[in-house]
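We call the chains A, B, C and D, going by the order they appear; numbering starts again at 1 in every chain.
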């Protein structure tokens, strides 16, 4: 193994004795004080500086996902900080670890689902509303046939209408950054009732995924942007816990209502002669 | 919502002013000093006390998975401890977070794969070697047809034979705890060459998954046992780092060989008129 | 930088095409089936194989710390799994991240506190009960003078007596592995009332720390053993969650009782002319 | 326990069937598209909307801390993603867990150190440069006498001058948001040589801590803002890993250079008759 070959390329942070660069720019002079934090996060993820319109849509998505009150992730972060107050990083990490398939996954799932439909072999990107509707019908039918839910449809609280949904379409339109993922999702919103037999709202998390995909952010990391937004939200949760602590009360509300029950063996060993 | 209904049942730890119980037993008198740690972990997971033979096979599996030297997870744990020496829990957690689909997932994947084959509708558990071979041929053929890898086959280092494999079969036989998952995996080892056209060794991680499944441990948590084993291994890694530190050298071996390159924009925005 | 110098030594896992070793032993032949899991964890941490008596005390400590019911860490792990069911490693890591100064820290704090007292310059290890009592009085007085709590004293539930405490002393005595940390802690138990003016029980977590220190385990990692024990407990929690789920109910018990309040600005900017 | 008392107040996210609010504002109409992401993070942490000048300084701090190339945290995140590609949240969490006392702690330490000096009993906030110099001399002398390092002084790479330092002071001045923490740190920069006998640069991470403290952000969470910045940086690292993977090469550069050595027992058991 030729060790001299081990060189690790990066376009991110680099420094010498005199200088610090980030993304090939002088950090102090060209980035600090010049680039907003949302803009920088976009730039770091794509290595391309977003336009103001792209930044506005991106930051609207982050705002939509930042905090949803006492979610399991917020509760987990507060409980972890209660238990290990010496480690802010541990509390934030514990909160982020809930960012999986169920609670934060819709954003990623929806972006990927739409992208798959758009990039199917032989697929032409529609140019009319009728064309989008036809593609949407086909897409929802295929999902239904595969026994697969359509991500982006339905919300357990906002059963009629998720207020984030029209706002995101509005901002994308205002900034001229609406692309095919949002177009297809809008069409899914129009046509799904005829295929599925019931009307469901487009949820905000799904629209966020479509918007992030339109912006050219990497599909493999769409969940990462939900997590970035959530990091800001979790800091808000911990700051509130500092002033109005509830974690200990939550803990006690569970622990004081525990009821010891006898063990119930979950399983016996499998034997080849039958269990 | 009737709040008085919120009672949380558990058969695990419970205490009163005078007593502590675990799994319905008196912790101090019946568990401490009486139950080994592997045995206890099994008991906690199934709420059933394992037999000595089951414990021996279980602990052999944990030994097989505890530490594999400088894995990505071991390196991540050491680097995290270097960076945050105040938080042992953070270093262990960082190490465990690498326990996903690629490096520790084979154990879970193999257990589930075998279980799926065994519990297919209409499936009779074979009673002869020929019967097992036929089932194994069918199972491997289906996997091949579905373009799916057979978990448990192949190893990037032990290309001929993984020394853990025969040992686990031997212990299971000695203790009389070999069940259908191990039987099917053994048959896969015998027949896969005729289906796949090449001979691959049964890897130890896969055999571990079959053994855990035979022992009746919950399939949803097979990865959890690999992580339990790895926790002991990671403590060993950190203890060694205390005495023979290498994390800083690893860090420098990367950082001193970084090569700044210009950013390469990864993507542009999608537009409905074409990218 | 001479790259050829970068060699990373380890006595833990190593493998070649034909062999796997762990701690210099043949993994398959000398460890699997031969070494219990608690014994192996001890061996990995110290690179020395414990005696059966040492193993029994060590495993008793792990049993004492494995699970305490609905602790904040157990709740955090269950909530994280609810939220990200695809990632067992994330749920376990989230649970471990609560293993900090408050809930799991007593074990480490107590071991370190006793060790500090025993290794103070000019300190002779006592050889009589009177000698231990004198050292304990001095140790508690110094802690009191420094406004420092004596770790290992007091328990919020077991206000009279922690049942784990006499059991650990008993096992240590039965196995002939009681050493100076346990001796000093026992003396602290005898004498603290005269110094502090009130009687407190020795808590089990503190005695565990003393026992681990006596066994020669690294002080920097005492918390790590509590975390190892807790990993087994957390797997038990997740296994129980599989069968008797409570996480969603805990989440709802918080979320459905949220009360939106107006923001209260926490602080204004500091100005040098006064806030 | 009166259960009806369990109400959990929050000023963060809340929703009804029709509405979503955040910080008491209508999320869709008043936050999304109206509030930048840095501004929102500040607002969440303090429950007070920052001024544009405060936001600019805050975002400059986040830019300063976002990414420093191949740090241990970046490497840990990449290795974790390599090992568990199914879990972006795990990779980000692993990266954040390195945000402890050593690599990201300076920001928090410096903010707290300055705050302690400013809020000592009987302390008057100086109003002249001479006053600040006198306070700085006293502060550095006390640290020296206590054998304590002055956080914010010195940098292992930028030995002469950290380019972020003057830039942060400049932005604070331009925006009229320089407060006493920055004033005191500036004075420490002027006077420390006479106390410590050598000239050290003010490092950027320390100036960031002073700036965050001046902005009124909670001292207990200063590290949290470094972690927020780093989350964006880690997403950049993972995005780069997607396109120019290095994690496997880093792993191999360690693993292929491992050298198995015999175990060296770290310790023997302590016995009261001497070790």
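Quick note on the criterion: a residue touches a chain if its C-beta (ideal position, glycine included) is under 8 Å from a C-beta of that chain, and two chains touch if they have at least 3 such contacts.
No experiment lies behind these values; they were computed from the predicted model shown.
Go through the assembly and pull out the chains touching chain A as well as chain C.
In this structure, the chains that contact chain C and also chain A are B, D.
Could you check which of A-C, C-D or B-C has the same interface as A-D, with more than half of the contact pairs identical by residue number?
B-C
Once you find the CA centre of chain A and the CA centre of chain B, what distance in Å lies between them?
That gives a centre separation of 28 Å.
I'd like the Å distance between the centres of chain B and chain C, where a centre is the mean of that chain's Cα atoms.
Roughly 24 Å, centre to centre.
Find the geometric centre of each of chain B and chain D from their Cα atoms only, then give the gap between the two centres in Å, rounded to an integer.
From the centre of chain B to the centre of chain D is 36 Å.
Show the residues in chain D shared as contacts by 2 or more other chains, in ascending order.
3, 6, 8-11, 14, 45-47, 69-70, 84, 86-87, 89-90, 93-94, 97-100, 104, 218, 239, 242, 246, 250, 253-254, 258, 264, 266, in rising order.
Quick check on the complex: what are the chain C residues that touch chain B?
Residue list for chain C touching chain B: 1, 3, 6, 8-20, 22, 26-29, 31-33, 35-38, 40-41, 44-47, 56, 58-60, 62-64, 66-70, 87-90, 92-94, 96-100, 104, 157-164, 166-168, 170-171, 174, 204, 218, 220-221, 223-225, 227-229, 231-233, 235-240, 242, 244, 246, 249-250, 252-253, 256.
Mind listing the chain A positions that touch chain B in their complex?
6-11, 14, 21, 23-24, 45-48, 54, 84, 86-87, 89-90, 93, 125-127, 177-181, 183, 213-218, 253-254, 257-274
Where on chain C is chain A touching in the complex?
3-4, 6, 69-73, 75-76, 79-80, 82-87, 90-91, 93-94, 97-104, 239, 242-243, 246-247, 250-251, 253-255, 258, 264, 266
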